[in-house]
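Would you mind keeping the following structure in view while I ask a few things?
The first chain written gets the first letter, and so on, giving A, B, C and D; residue counts start at 1 in each chain.
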Amino acid sequence: MNPVNYLYLAALLFTIGASGVLLRRNAIVVFMSVELMLNAANLALVAFSRLHGNLDGQIIAFFTMVVAAAEVVVGLAIIVTIFRSRHSASVDDASLMKL
Amino acid sequence: METLIGLLVAAPLLGAAVLLCGGRRLDRTGHWIGTALAAASFLLGAVLFADMLGREAGDRTLSQHLFSWIPVGGFQADVAFRLDQLSMTFVLLITGVGTLIHVYSIGYMEHDERRRRFFGYLNLFLAAMLLLVLADNYLLLYAGWEGVGLASYLLIGFWQHKPSAATAAKKAFIVNRVGDIGLSIAIMIMFTTFGTFAFSPVLESVGETGEGTATAIGLMLLLAACGKSAQVPLQSWLGDAMEGPTPVSALIHAATMVTAGVYLIVRSGAIFDAAPTAQTAVVTVGAVTLLFGAIVGCAKDDIKKVLAGSTMSQIGYMVLAAGLGPIGYAFAIMHLVTHGFFKAGLFLGAGSVMHGMNDEVDMRRYGGLRKYMPITFATFGLGYLAIIGFPGLSGFFSKDKIIEAAFAKGGAEGWILGGAALLGAALTAFYMTRVMLMTFFGEERWRNAPTPSPKEPSVEPAAETGGEYEVPHPHESPKSMTVPMIVLAFGSVFAGGLFSWGEAFVHWLEPVVPFEHGHPPVSALTVTAATVVALLIGVGAAWLQYGRKPVPALAPRGSLLTRAARRDLLQDDFNHVVLVKPGEYLTRGLVYLDHKVVDGAVNGTAAAVGGLSGRSRRIQNGYARSYAVSMLGGAAVLVAATLLMRAV
Amino acid sequence: MSTTTELTLRAQEMIPAPDIEYGQLAPVLIVIGAAVVGVLIEAFVPRRARYTAQALLAGLALASAFAAVVGLAAAGRATTEAGLVAMGALAVDGPALFLQGVILLVSLVALLTFAERRLDPRAHGRHVDSFAAEGAAVPGGEGEKAAVRAGFTTTEVYPLLLFAVGGMLVFPAANDLLTLFIALEVFSLPLYVLCALARRKRLMSQEAALKYFLLGAFSSAFLLFGIALLYGYAGSVKYADIASVIADTNRGTTEALAGTTGNDVLLLIGGALLVMGLLFKVGAVPFHMWTPDVYQGAPTPVTGFMAAATKVAAFGALLRLLYVVLPGLTWDWRPVMWGVAIVSMLAGAVIAITQTDVKRLLAYSSIAHAGFILAGVIAATPSGISSVLFYLAAYSFVTLGAFAVVTLVRDAGGEATHLSKWAGLGRRSPLVAAVFAVFLLAFAGIPLTSGFAGKFAVFKAAAEGGAGALVVVGVIASAIAAFFYIRVIVLMFFSEPKVEGPSVAVPSPLTTTAIAVGVAVTLVLGVAPQYFLDLASQAGVFAR
Amino acid sequence: MSFPLLTAVAALPAIGAVATAAVPAARRTAAKWLALAVSLATLVLAAVVAFRFDPGGDRYQLTESHTWIADFGVRYELGVDGIGVALIALTALLIPFVVLAGWHDADPLEGTEPDRRWRPTQGFFALILAVEAMVIISFAATDVFLFYVFFEAMLIPMYFLIGGFGDRAGARDEGEAAKQRSYAAVKFLLYNLAGGLVMLAAVIGLYAVTADQLGEGTFSLQAIVEARASGELTMAQNTERLLFLGFFLAFAVKAPLWPLHTWLPNAMGESTAPVAVLITAVVDKVGTFAMLRFCLGLFPEASAWATPVVLALALVSIVYGALLAIGQRDIKRLIAYASISHFGFIVLGIFAMTSQGQGGATLYMVNHGISTAALMLVAGFLISRRGSRLIADYGGVQKVAPVLAGTFLIGGLATLSLPGLAPFVSEFLVLVGTFTRYPAAGIVATFGIVLAALYVLVLYQRTMTGPVGPGVERMPDLRKRELAVVAPLIALLILLGVFPKPLTDIVNPAVEHTLSDVQKTDPDPEVEAAK
């Protein structure tokens, strides 16, 4: 099938991810949505790689996964600490600083 | 010889400097120094006068260029003097009378602890006045002009602890400033028109410019003259100026300074000759003022204010004469000189009376003083005869000539002016006789305490009589005061005759002040007769009013005119309504405006930005997700904008 | 033959053995290497020795890296010898070296504030720095108390710092999108962690970290997607290739790609997303909202480092992107940038007026300054580039200094950052107040300070670049901004000190040096900026 | 390379400022003497400048020129024409009196012995010297950028002087006073800073223009003027006008010209008398000076274009300032508004574009400096005695303190420009210079002299004359130090009023040059009078 469709899918996933970030309160879920966005990008990269017939896209995808993993490490660390000190993983609860 | 001219000014200036900076250590000797320097400058004047007589009429004009004052581009103002017959006349008058009054003040101010400063101011005045009449260009004249203004300010307000005095001084200065606008604008026009403002070039080339310019300059000069010489409409300050010590009134507000306006007009004769309109204005002002002053003089009970009104009116005569052109100039000056003598004498007399009466100025509290102060009575009497123009005395000659000239103006104008002058003569006779009768004749109204006066707006508070009334012990004044009075009396008796002896005075002035014989429609003799008649009417009326029946110790309410006249014909009320009040409202309004609008705009802007800030910071609500929204939105806008850019 | 083997075959001939110019990569390698060593130290060196070891190592690494940069510059790599290294992944050229130099110096100074341990009162007889005793422990919990008692300190901050610096070094030099992305993450992740490590006010610190992390990840997702699109557009992620594809006219290689390759929509959207990712790091409106919270919450030394170094790195990358990749699109991105710049300048200045916390105040001022710098970026001329470089150098040191001063003003609760507490500081300790005033005046762009020179350079470039309107807006914004800088000065000097007001801690030579350097640079760049302007203008050319 | 005299004149007080600030807290008096010594030394150097300056010589003399910031085309270029010399002399002349008059203004309040680190006294005098240095530089700068830098930088020390050392006689309680002070200081700073920033935009624009047309941008006044003269540099009409406005706005704020004046009364009212003198007599002069040197020099056409509006504003300032002065209750605010009126005259003279007008304006700057100094400082002495700025709190002072009253009167008479005192010369020149080209304006301005008489004499009457008011009874007369401040100023007023020629000789050639910049010549008299 026409690989361009994969792009549409990627865009869709990206949008879903973005809206997830905006709509969900739980930090974990928010973070997962971000991951989803990253993977959407990955998909797009791979699709383009296929279209262009060169490997750069795929290579980048690999890198992205690694980065995502790293992000998970840091991210979860932070979220967990917050959770332990606040007993809540809600993003909105963390709003001491404003104005 | 030229070099002496500068010294004329320098001497009194030095005196002023020494006395004002000298400090207390000069308190004992100060008045002698002041008098000596005044006398010195009089002697210098005499020497120069002798020298001047020594040369024939053609080249009697001396001039001295001291240094270049303000040289900027085409604007070249020099400190240079010009001593010709006209200025010489003034020099002698100023220094002569000035010296006398210095002498007089030694006695008069004896008990004032600030006498030193008083003499300092007097010297300052002499210097400024001499600068005024000796200047050879209008700017330097302007300097002297303001200088005398300053001196008069200081001297009127000499007793500054009296609020009335301080106010009067301020008023005098400010009204004069209004006049000064005229002088400075006149100078500006001269500079723009002729590129200079020195006397000779301007006066010589005034013919080359249009009548419009000449008229403009003339009117501006007239404005200046009105301010300095207390002519309508800028006359209001002179009456209040009587707050100053009497010698000051005699010297500055009778003999010399107030006549500066006449000097200015006569000096600028050429300009007025080239501007008939301006001349008409001058004579109108003169005529109006001479009546105005006379009427005011008739109503006042304060002896000095009567004399002030009379001064106003006499200067009105001079201005009138000066406005008549060549047929009047010389007589204006002549009257100025004689007036200098007898008016100074009268003031000194008044001062002497007050001196003996605990500084009481209300004539209704005088009466029958002739036997207590004979010399004063005699000198004052002679002055009186002179001013009303009693045949044979100074005033007679000078005033009569002016009246003739007024008729000689010709046409309806001539009749009106002449009539005004005659009427003035009658009024003069009336109010001066009134003064004589109320002061030296009749019963001694000062013996018993004044009954508390009813609400009478006209009667200004006389000199503060502290506590309960103690009966004054009228007495003759010390020599230092009487001698000057006697000298001046001589002047007021003989000066006129001397001057008119074969028109000596006219011819003396002629080289600088053009002269031609006026031809009145009726014979000169008729005019003279008319004058005498007018004078007799005046005297008679006064005798009927104040000689026959006793003078009430309290002023009767009097007719509307009388009351108006007591209030100086409502001049102050007029100024108050037309100028002062609106001015106050204006300033208050502006202060408010400046605070609320001009400044408010600035503060408003600041406040607005602050408010904007306060509102917009709420966007930062602390919720990470709303931040994300703004990011997403931003991204969307960014993308959209980029695409849009490409689209268009 | 199956497509896969065909692919692998092609891959073999496509992927040659990479040759790496280690010499020219020295700065990056040194820093990263040191960071790794730092991790090992954490693992093996006994606790007592760690602080010293880490601090020394970091200092050494940064210094030698800076030396390496200088060496490269001396070797003409900045000008004549400029070129691409590591298979075109990185550029070693004027801007790169200049910015790397700045970043390294900034981090050196920042390191001093990191290592400061005289300010906090001793905990159980031990000097402590401004970082959490144990990052993982629950605030106020037993674990933390124990850690404090045990005298733990988070010496991991040094390796983290070094990692961040390493990423920042790469960021402005990155010459393909992949490197760009990796560098971004490499310096972002450590910063997220650092933000969470404040010793006092830990809840705020953690919150800052969370916000920063989530939003950062969010933005990098956008960035990545932008990368994907650009890749899709050009078929390559190398800047040069993309630029050439944009430039050349005969697009489309194969039928299959006709839909995507050279498809401007991809290009534009991709570019926009990419730029957005960078603007986020720069802290430009409307991607600025993390800045105040993070600046306030993070440990002040970290804030200082972040505020200074991140801006430098991000603007470097932005410059390269706009000048190397998208020059063909000048007419597309310029208007957008105009908008962003104007909004940033005004919003930053206006909102700052009503701030009540010093650190938030500085955060908003940094937003406004981002706007000013963007004005220079927009100039799209060599003088624009050099002016931005100069501004960054000037600004970063002022920022560092300012935050360093903030660390000194303390009360029982740690740093007293609420403005009301700064009242009358000028009476208590005139010197500190005066120094801070100098920094504020520099922010305000008063002549004879580096702030003025920088602002002038940028505005001048903008004006020459035909962005006169921008200059006018900038001027207005500076006028507004002046107001709140002055407000702080008034507070410090003209208002009576509070009785229970904060005290000014006497710092160790470390912070003192940091502040001194800040003041020195501020004044030198203000009075005699010529030398540095020359540097910047020489460094104003990108290698392609 | 001759000795850099101008740099020295500026550097001396700068160094002095540092030295004074460094004096330890205990040695307060030493700091004062040091400051005084430095200011006097500066005066000597300034005198040397004045004598080394040859009125017949080149337009700019004692020039120095070094590259400063090549990238911005900025040079460190100094040079003085007659106007600069006059104003540098004025500055150097006034500072010693300011120092002397402020001798006790920065002493710690009785009882409160401040801790070692807070040294207000040293700071006060150091700041004064710093201002002097910066002002002198900006009078000597012939490079627009250099000028701008110090034009702006001098705001900072002024700001601290106003806000840090307010008039203790000012408000009821210290807290209130402090509030008023910092409001005034902030207002001063922001007002001028805003003006300055607008100018910055114009400065940058100027660079862009020169860079565009001359190849490389320059800020050198002479270079630009020559380039314009030779036609190398031609500005588009609108560009020139915009740039002119940018410059003029900044100067109009500084001058200050209506309606940008509202900061002045606050600043002068709240600061101590010496600082007020510093503001109005020294710092503000930079504004009018810059109009003369930069606005006219750089943008002749635009200046001609703007003249009607500027004249109108000047006239408004004259009348408005005077009227508001009449309406004031606060002595210092009254003097401030009087100054606004006078600045109106200065601007009027400058834009009359005649040699009398501009010569007069220059003299006016000098004379106004001296006369305001005299009046304001005496007022300061008066206020320090009674502890109130309200006119209503005084009365009859002349009875208890005649010398004080006398000097106050002379200062006032100078302010209302009485002939024989310096201000008369300049005011009359301005009036004449205006009248020759714009008669109407000249006449309107002339009314200012009446209003001046009003506010001065009313002030004098209310404070000095009448019965001795409460709180005035045992007011001491001027002390030796105070007399030492006032007497020389008065002597100068009289000297320059009677014999201003030395000053005009220096100024005239410079004015001629300026006029030639704007290609204007004095209108010829209608009738060539018989000389």
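Please note the rule applied: a contact is a pair of C-beta atoms (placed from the backbone, for glycine too) under 8 Å apart; a residue touches a chain by one contact, two chains touch by 3 or more.
Note that this is a predicted model, so its numbers are computed, not measured.
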- Go through the assembly and pull out the chains touching chain C as well as chain D. B
- Item | Central chain of the complex, centres being mean CA coordinates | D
- Counting C-beta pairs in contact for A-B and for A-C, the higher total belongs to A-C
- Message: Need the most distant chain from chain C, centre defined as the mean of C-alpha atoms.
- Response: B
- Where chain A and chain D are represented by their mean Cα positions, the distance between them in whole Å: 65
- Message: Need the CA-centroid distance for the pair chain A / chain B, whole Å please.
- Response: 97
- Query: What whole-number Å value describes the gap between the mean CA coordinates of chain A and chain C?
  - Reply: 24
- Whole-Å distance, chain B centre to chain C centre, using C-alpha means? 81
- Multi-chain contacts in chain C: which residues touch at least two other chains? 210-211, 214, 218, 222, 292-293, 483
- Note on the structure: chain A touches at least 2 other chains through residues 18, 21, 30, 91, 94-98
- Item | For chain D, residues that touch 2 or more chains besides their own | 190
- Note on the structure: The chain pairs that touch are A-B, A-C, B-C, B-D, C-D
- Within their complex, state which residues of chain C touch chain D. 386, 426-431, 441, 444, 446-448, 452-453, 456-457, 459-460, 463-464, 468, 471-472, 475-476, 478-479, 482-483, 486-487, 490, 493-496, 528-530, 533-534, 537
- Task: Spell out the part of chain A that touches chain C in their complex, as residue ranges.
- Result: 4, 7, 10, 14, 17-18, 21, 27, 30-31, 34, 37-38, 40-42, 44-45, 47-49, 51-57, 59-60, 63-64, 67, 70-71, 74-75, 77-79, 81-82, 84-86, 91, 94-98
- Query: Which part of chain C faces chain A closely enough to touch in the complex?
  - Reply: 7, 11, 14-15, 135-136, 138-139, 141, 177-178, 181-182, 185, 189, 192-193, 196, 202-204, 206-211, 213-214, 217-218, 220-222, 224-225, 227-229, 231-232, 235-237, 254, 256-257, 259-261, 292-293, 296-297
- Message: Please output the residues of chain C touching chain B within their complex, sorted ascending.
- Response: 210-211, 214-215, 218-219, 222, 264-265, 268-269, 271-273, 275-276, 279-280, 285-287, 289-290, 292-293, 331-333, 335-336, 339-340, 347, 350-355, 480, 483
- Which residues of chain A touch chain B in the complex? 18, 21-23, 25, 30, 91-92, 94-99
